[in-house]
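Next up, some structures in structure tokens.
What follows is a pair of complexes built around subunit A, which joins subunit B in one and subunit C in the other.
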Partner chain A sequence: MAWVIAKWLGAAALLTGAAGIGFEFARKYRKRPLDLRELMAALRMLRNDISYGRLPLPDSLAEIAAHFPQHSGTRHVFAMTAHRLNAAGTEAGEAFVDALRQNSECWSLHEEDLNALRQFSHTMGATSAELQAAAITALLGELSDREREAVAERDRFEKVYRTAGVLIGMLLVVMLW
Partner chain B sequence: MQTTSLFPATILHLLPEDVGKSVLSQSGVMLDGVSEIRLRIGRRVQLVGPDVFLPVVVEQGHLRHVLATLTRSSLYAVEAELRHGFITLPGGHRVGIAGKVVLGSEGGVQTVRDISSVNIRIAKGYHGCAKELAAALCKSRSTIRSALLFGPPSSGKTTLLRDLARMLGSGEAPFARPHRVTLVDERSEIAGSMGGAPQFDVGLATDVLDACPKSIGMTMALRSLSPEVVIVDELGGTEDALAVADLARAGVALVGTAHAGSVQELFARFEIMALARHEAIERFVEVSPTPRPGTVKQIYDRQRGEVKLWRG
Partner chain C sequence: MSLELHVLFQIAIIGIATAVLASLLKQSGRDEIATLVTITALVLVATVVVTNINHLFTEIRAVFFSQ
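Then we have the complex of A and B:
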């Protein structure tokens, strides 16, 4: 009798585990376009602050960060960069890259997405407003391509991973029964 | 630390750690006399005033530190200031910058990049330094004579002018009441404006036209600010002279400065001659850097074509 109960419990655990892993993969695909969109919205605000307001980066970044929800990766990266910049002698690019590294867990961006941001960081605060705005526009162009690609990937893989998780779980259960 | 009080926090904050330490390791008496801290790439840090070279050799990193702190890591935010070659700090201190000058399409300076030298000028307001001068220029208790302060560079003309603006604007004795003063501050040096707000005390009833070309500013003030006194630094060209003559016709007093080593040198200048002839300016004040900057050496008047020593 105990053997049967253990068998059922094991099967249930295996199934939920496999399904969970599948759901986690699916979640990453679902979240990347959202993260990219949020990031792009923030960058547009930054571009406005620079072009029209000539607002210094620490002020602008802190203000923009406050627009985004608590769990947002954009919020964490922007807020941390702003915070670092309030210390004497910190350069914007350096602080931004550092914030990206420390907050990589907060969002589902791919390494290439982060590379585009790192590339952009070299111009941060180091050029005229005109060039700065142009750099942001270029970055936005690149990110919007990535966002399109992320949406396509989500449509293709989100369901696949979700069902695959459940199916593999069931398969394992059947094989081990 | 006693030295910290001699050195404004904004300036210490600006300096890289090793430079800051090296500066503070000097004696308090010496630091008191420091008027500029100069960082030039590849050379040792200089303290102007006592004229001491510190053992720290300036590297690219030092300049980057100063610049990042100064601009709050946002070069674009100070683009306009960079075009003039300096950035004003809270407290009226200013940082002059030298490097590779990039020209814009219209031939003006677009920006300065590859910064190679930084000159941190420490502002020191001498509250009350114009007292003696004010007494000499006061016509009655409510009016002031138009005057031109002259002297060699860094003889303290601007410092005197600033204190005079404060006394006039605040109605400090010998003036009976606050005067409507317009300060035309082309180089943002008198009021040391930062984001439009004067960093020095320039008086209660003083309006500041910041970064405004002098001749335009004087005309603007006359039209819209109804000043009783206009204060302006470094009068030079013919347009300035015309604007001053306009002010005189409108019955507005003017206090200005001009670079000149002596009264002869001053009157050798065509536009100053013209002003004197029109009696737009009544007193010529010779300012001397010794024994200390801002010392009034002589006051002249000019009547019947003669320059005379004036005794009040």
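Then we have the complex of A and C:
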């Protein structure tokens, strides 16, 4: 009797584990377009603030961060950059790159997305308002291309990974039964 | 009898799972992986069948050539 229960429990654990791994892979594909959209919205707000010279950069970054939900990567990066800028005499670009590095786990962006952001960080707070706004516009164009590509990838692979996890779990259970 | 049914179900489930997985992979444009999955399933089922046939021959040998 105990053996039968152990067998069922093991099968359930194996199936849950495999399905969980599949869902985790699928989640990464689902989250990337959302993260990119959030980032683009934040950059648009930053561009407006910079163009109109409404607020100093740290205040503007902190205000933009507050627009996003608690778990959002954009919120973490913007808030941390603002915090760094307020704390000591760090340069804006440097603080931004540092915040990107420390929060890379918070979002599902690819390395090339982060590279585009790093490239943009060189102009951040270091050139005139017009040049910064132009750099953000260029970055937004690139990110929007990436977002389209991320949506296509999500449509192709999300369902595959989700189903593959469950099916492979089922196969393992059946083979080991 | 129960052993035979178990093996049949095992092979059937492998077949169904592989068919679904391969069609999904094909749909998402990963044709090579779909082929790989199909071949792996074929090898898996062949292993199960060969093991059982081996078992059958051992039984026959035990019954007819026990001396």
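We adopt the following convention: the second predicted complex is superposed on the first by the 175 of 177 C-alpha atoms of A that agree within 3 Å, B and C clash if a C-alpha of one lies under 4 Å from a C-alpha of the other, contacts with A are read in each partner's own complex, and residues count from 1 in each chain.
In this text, a residue touches a chain if its C-beta (ideal position, glycine included) is under 8 Å from a C-beta of that chain, and two chains touch if they have at least 3 such contacts.
The shown structure was predicted, so the numbers you read here are calculated from the model rather than taken from an experiment.
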| item | value |
| --- | --- |
| Partners on subunit A (subunit B, subunit C) - clash or fit | fit |
| Touched partner set for A:Val174, first subunit B, second subunit C, both or neither | second |
| First (subunit B), second (subunit C), both or neither touched by A:Arg101 | neither |
| Angle at the Cα centre of subunit A, taken between the Cα centres of subunit B and subunit C once the superposition is applied, in steps of 10 degrees | 170 |
| Partner chain(s) touched by A:Thr127 [first = subunit B, second = subunit C, both, neither] | first |
| Partner chain in contact with A:Glu91 - subunit B first, subunit C second, else both or neither | first |
| A:Pro56 touches, of subunit B and subunit C: first, second, both or neither? | first |
| Which of subunit B and subunit C A:Lys7 touches, first, second, both or neither | neither |
| Comparison of subunit B and subunit C by subunit A residues contacted | B |
| Subunit C versus subunit B - closest C-alpha approach in the superposed model, Å | 46 |
| For the subunit B and subunit A complex, residues of the former touching the latter | 13-14, 16, 64-66, 68-69, 71-77, 79, 110-111 |
| Touching residues on subunit A, where the partner in the complex is subunit C | 156-157, 159-160, 163-164, 167-168, 170-171, 174-175, 177 |
| Touching residues on subunit C, where the partner in the complex is subunit A | 6, 9-10, 13-14, 17, 20-21, 24-25, 27-30, 44 |
| Complex contact set, residues of subunit A against subunit B | 50, 54-59, 85, 88-92, 95, 124-129, 132 |
